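As structure tokens, here come the structures.
There are two complexes below, and they share subunit A, which is joined by subunit B in the first and by subunit C in the second.
Showing the complex of A and B:
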């Protein structure tokens, strides 16, 4: 292979280092107007009256649009439970309510951003406040105030797993561990705040140029809300300034399309531009879900886990977004990559007046892994057994049954991944089993109030959409030339969110066509000229696009040999089908592919300040085949540091539905000063039998084990288990003080 | 609002503009001069995406009034490369994939350039100190630091 496996330079690197690359906010169109959005500004209320006449009358204001202007006033990736604009006057039931602080109420289009901002203040809104639901546990109780009265309950999704008999198994267990884990929300904090342009293109299509993760889904959501056929809507992505799941749902897409379309209907054909401020971005898009996970696990004295019982409660916030799918992952992953004969899981998604929970790297996996790995590490400790030893006694193997009663797809490598990670981190194996590195290997702290420790965790994560969700990816390859192929055009919708998707697409096309990479031209991320690729999410794009590209290349080459010019191959890849969780037992074929990962973390805890410093992070990740090893390393390092933020510093403060951390000076993400001393990427390549060139997905996997590994390392250092985080100095110091009190 | 006539050198070119008192340098660069390399990530000096060099010093251009830049010499990411080629930092950034989404990249490169101009042979710790005002959410910084090390050695 000449292209797959090679660290080709990024195809977008030159534009990005010279400043030529244009993000949506960098694009200006002739005669453009500017949009500002009126946000709810309160977490729960019904809108009694909305009067925009004073704003509309202002000089320089082109239009104000409210709920009554939205043809079909609803949207949602999984279920359409969110109004595009909240307020009276639309046909959508209960659309007159705002349910979180960032609900959108009205949009102003004006000659300048300043005029639009002034006009927002002239919109009169009479709110009648409603009780605020800010706790998922309270919200799921009988008699709680309903966020969506048409639904009869705040529980909007429920899964259960029943495998074997946990009660009977607990009775035979030698040791038990019971814990309640609480995981915090997390803000994506991609550097590029939401922005975009809406306009009518040359062919009369309502067009939105924006940064998202799935052009064709954005197109569908817009078409639905505008009551237009999808062909009349076009979505184009310019450069995308980070995403991490945070651009999977709608932010500015529908309102930009709405404004351009309604202006057009009034005879005004002007592009409309919007750029969100950082505050608007933080208030306006979803967050990683908060969870409460109650776990009770039992094991034999030989270290075999015999039963696991988990209650999983997810705070979905005000609207569903992708919560139900995220919950599916947590339901599967809360018992870890282990073969446990008896499992009982009850999982719930619950509405509250928090900012909605939604997609964020790991997609329910990190929360599940925090609980599962915490349980495993505590069981090991209780049994006096090494943390690697107990894992290897329990990890899933080829043919072993998951909690949902079916085996993993072929190519199960979690055992080998854990071993490799352990060996690289100084674990030794002898006749008596595995043993963690001696304390002196961690090095000596400079002062005696500094304590060091090491911890390990592992995880599995699906590649691609799960639980019966439709899954496909389509590639088009056109071969141009006469005698020889002069140029190969790859048409593909994949969102380049920074991960390197476009580079990897070009590499895989070059490999499949046996051409130099310089002969591949990419035409990407525009619904007008590409077919649906699905989203850049679920660690799926390399896997899915690779298979589609291989099919398209084969078809194009056949036509080339049959003398067709240009030779055009179109191929839709469909992976093996998956199935939803059975409502009673949870039985399902959840996924068609997985990635496997293990991490060790060593830490230094300052017992005087509570500060936790990361020393070494060693990540062993089975990526199946590293199409571009350098980009794989970039994903591992980026995921580790993002997870380090989640574990140690990112402290999203939302009380009574109000957010106190709307800036990057109050919501702190890691700077270059906060990264581990060393991040070692151990790239393993156990091929996935159905992956392109053996590749699995890998963008999310390195994120999952970090937080539980940090928790284990902190326990090793100072003797305290933290079942909630972030491990801010304040939290750690308080716990240290408490542990000293007799 | 009162306006002011200012002149400044941007990437070696003398520019003149009439700006309102409250316009920041970032807006002048992006909206008047069409230099969109410097980014607006927070408008409050918290992320560093808007960093430009002003008279040899890296500044958050979202916190500098355009009138304060009167008479100054500004370098933006567009001014890093020349006809003779890319800046060694840009080369190194491409070489080790120090850029992912690329939104923070212009600010990072500018901070690093201003730093290397003063500190040609830095330690890793000094590199980190110089870049602590530039947030990146994608790379985990490892390859950014690596890029600066490579550029310092070669440049």
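Showing the complex of A and C:
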């Protein structure tokens, strides 16, 4: 192979390094107007009265749009439970309510941003505050105030798994571990705050140029809210400054389209531009879900886990976003990559007045893994067994049944991945089984108050959409030339969110067509000229696009040989179908592909200040086939660093609907001096039988095991289990003090 | 020059060339604000803390950006010397490494290329990282106003959160560091939530030197940031260190005294309780570091 497996230079490197690349905020169009959004600013209220006349009367204000101006005032990736604009005047029931502080109430379009900002202050809104739901457990209780009264309950999704008989199995178990895990929200903190332009293009389409993750889904949601046929809406992504799941739901898309469309109807054809500040970004888009996971697991003295019972409660925040899908993952992953004969899971998505929970790298996997790996590590400890040893006794193997009663797709490598990670990290195997490295291998700290420890965790994560969600990816390849192929154009919608998708697309097209990569020209991320690719999420794009590109290349080559000029191949790849969880038993075929990962972490804990410092992280990740090894390494290191922030530092503070961490000076993410001293990426390549050139997805996997591995390492260092994080110095120090007092 | 930036109010920018010009501008009645690196000014303007009609850039006034030796090993630091220059200046590194360390602890390299020591002190944040160093080095803040020069000792300069002892029309022009005592050793320990860029949860500066006239044979000066309404000296700890034989016990007692002196608050960065505990830990660590180095030299 000449292109797949090579660390080709990124196709977007030059533009991004020189600053030539335009992100949505950088783009300006002639005669553009500026938009500002009025946010609710309070967590729960109904809007009694809204008067925008004073704002509209201001000189320089082109228009103010409110709920009454939205043709179909609702949207949502999974279910349309969110008003585009909250307030009176639309047909949507209860759309007059705001349910989190970032709910959008009105948009002002003006000659300048400053005028738009002043006009916001002239909009009179009379709120009647409603009780604020801040806790998912309270919110799911009988009699709680309802966020969406039309739904009758704050529980908006529920799954259950019933496999075997946990009660009976617990009775046989030699050891039991019971814990309650609480996981915190996390902010995506991408470099580029939301921004974009809305305008009517040459062909009369309502067009939005933004940064998102799925052009065609944005297009559909815009069309739905505007009551327009899909063809009359166009979505274009220019460069995207990071996403991590945070751009999977709408932010500025619909309001930009609405403003451009309504102005056009009034005979004003002017592009409309918006740029969110960092504060608006942090308040305005969703967060990683908070979870409470109660787990009770039992094992035999030989170390075989015989039963697992879990209650999984997800704080969905004010609207559904992708919560139900995220919950599906947690439902599956809260019992880890293990074969457990008896499993009982009850999982709930619950509305509260928090900023909505939504997609974020790992998509429910990290929370599930934190609970599962915590349980596994505690069981090992109780049994006096090594953490690797117990995992290898329980990991899923080819043909073994998941908690949902079906086997994993072929190509199960978790056992080999755990072994490889352990060996690289100094574990030794002898006749008596696996043994973790001696303490001295961790090196000795410089001071007495510093303690070191090591921990391990592993995980599995689906590639692609799960549980019966429609899944496909379409590629178009055009071959131009006469005798020889002069140029191959690949038309593809894939969002390049910084992960390197476009580079990998070009590599795979070059490979499939056996052409030099310089002959591939990409036409990307524009609904007008590409077909639906699905989102850049779920670690799916390389896998899905690769298969689509192979098909398109084959078809284009056939036509080329049949002398068609240009030879155009279109191919829609559909993976093996998946099925939803059975409502009673959870039985399902959840996914068509997985990636497997294991990590060890060594830490140093300062027992006087509570600081946890990450020393070495060793990540073994089975990526099936590293299409571009350098990009794979970048994803591993990036995921580890992002997870390090989640585990140790990122402390999103939201109380009574007030967010104290609306900026990057109060919400801290790791700096270059906070990240682990060393991250070793061990790239394993056990091919996925249905992956393109054997590739599996890998963008999320290395994120999952880090936090539970850190928790295990801290336990090893100072003897305390943390079932809640982030492990801020204050939290760690408080626990250390508590453990000292008898 | 009118400047309209999203998020920033409109203002005029004037680059002052002489002190007289500054005095004129400050007197003319329009709300104005002095500007050096702008790393506090612009953030506060964006937050709506104030919206001056005029920003008077004073960093190009004569002498504002130079560092000069004064007689007998003291230094005169122009108020507008940026923190990277300060931290890397050979005389500072040689004679006042504590000051270099404090300057280096502010934010990130990029920010330090604009941020100035004068701005840091005038902004008078309780968390100002160069303030504890200025306190223990017993710096003199030199101000110029229409009535001429005024020399303000650092310990009189900080009057409240965001408030300093400058009078209307006065500007800070330099910071004079008096000649150091003989054989001084200094440390500034800063604790932030991250390793780079965060404001201090606690900052502790310690300067120690041998002095036969004290009972312990040594004198120590200690100052704290971020744990009181202003940066503060800790005389109780200093007294302990001068009157008792220095060793682990005395150091611990002094660290406890520092904890007692501190009056921290809860905020988004840390609770008051954690800050208190950290004052003690970091005071002890800074004292140990200084004491160890003094012992080595003796």
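Assume the second predicted complex is superposed on the first by the 742 of 742 C-alpha atoms of A that agree within 3 Å, B and C clash if a C-alpha of one lies under 4 Å from a C-alpha of the other, contacts with A are read in each partner's own complex, and residues count from 1 in each chain.
One rule holds in what follows: a contact is a pair of C-beta atoms (placed from the backbone, for glycine too) under 8 Å apart; a residue touches a chain by one contact, two chains touch by 3 or more.
All values derive from a computational prediction rather than experimental measurement.
Novice: Once the shared chain is lined up, is A:630 touching subunit B (first), subunit C (second), both, or neither of them?
Specialist: Only subunit B; A:630 stays clear of subunit C.
Novice: Please indicate which partner A:277 is in contact with in the superposed arrangement: first for subunit B, second for subunit C, both, or neither.
Specialist: Both subunit B and subunit C are touched by A:277.
Novice: Regarding the shared-chain residue A:470, is it in contact with subunit B (first), subunit C (second), both, or neither?
Specialist: In the superposition, A:470 contacts neither subunit B nor subunit C.
Novice: By the touch definition at the top of the document, which applies to A:16: first (subunit B), second (subunit C), both, or neither?
Specialist: A:16 contacts subunit B only, not subunit C.
Novice: When the two structures are laid over each other on chain A, which of subunit B and subunit C touches more residues of subunit A?
Specialist: Counted on subunit A, the partner with more touching residues turns out to be B.
Novice: Answer with first, second, both or neither: which of subunit B and subunit C does A:191 touch in the superposed model?
Specialist: It touches subunit B, and subunit C stays clear.
Novice: Using the superposition on chain A described above, determine whether A:671 touches subunit B (first), subunit C (second), both, or neither.
Specialist: After superposing on A, A:671 lies in contact with both subunit B and subunit C.
Novice: Considering only the touch criterion stated at the top, classify A:239 as touching first (subunit B), second (subunit C), both, or neither.
Specialist: first
Novice: Mind working out whether A:152 is in touch with subunit B, subunit C, both or neither, as first, second, both or neither?
Specialist: neither
Novice: Which parts of subunit A are in contact with subunit B and also with subunit C?
Specialist: Touching subunit B in the first complex and subunit C in the second, residues 275, 277, 665, 670-673 of subunit A appear in both lists.
Novice: State the interface residues of subunit A toward subunit B in the complex, per the touch definition above.
Specialist: 7, 9-10, 12-23, 25-26, 188-193, 239-244, 275, 277-278, 497-500, 630-631, 633-634, 637-642, 663-665, 669-673, 675, 679
Novice: Which residues of subunit A touch subunit C once you look at their complex with the stated criterion?
Specialist: Those in contact with subunit C are residues 112-114, 275, 277, 608-609, 649, 653, 660-661, 665-666, 668, 670-674, 728-730, 733.
Novice: Report the residues of subunit B in contact with subunit A in the complex, numbered from low to high.
Specialist: Going through subunit B, the ones touching subunit A are 30, 35-44, 46-47, 49, 76-78, 80-81, 86, 90, 93-97, 99-106, 109, 128-129, 131-145.
Novice: Considering the complex alone, what residue numbers of subunit C touch subunit A?
Specialist: Against subunit A, the touching part of subunit C is residues 4, 6-7, 10, 108, 191, 193-199, 268-271, 274, 277-278, 281.
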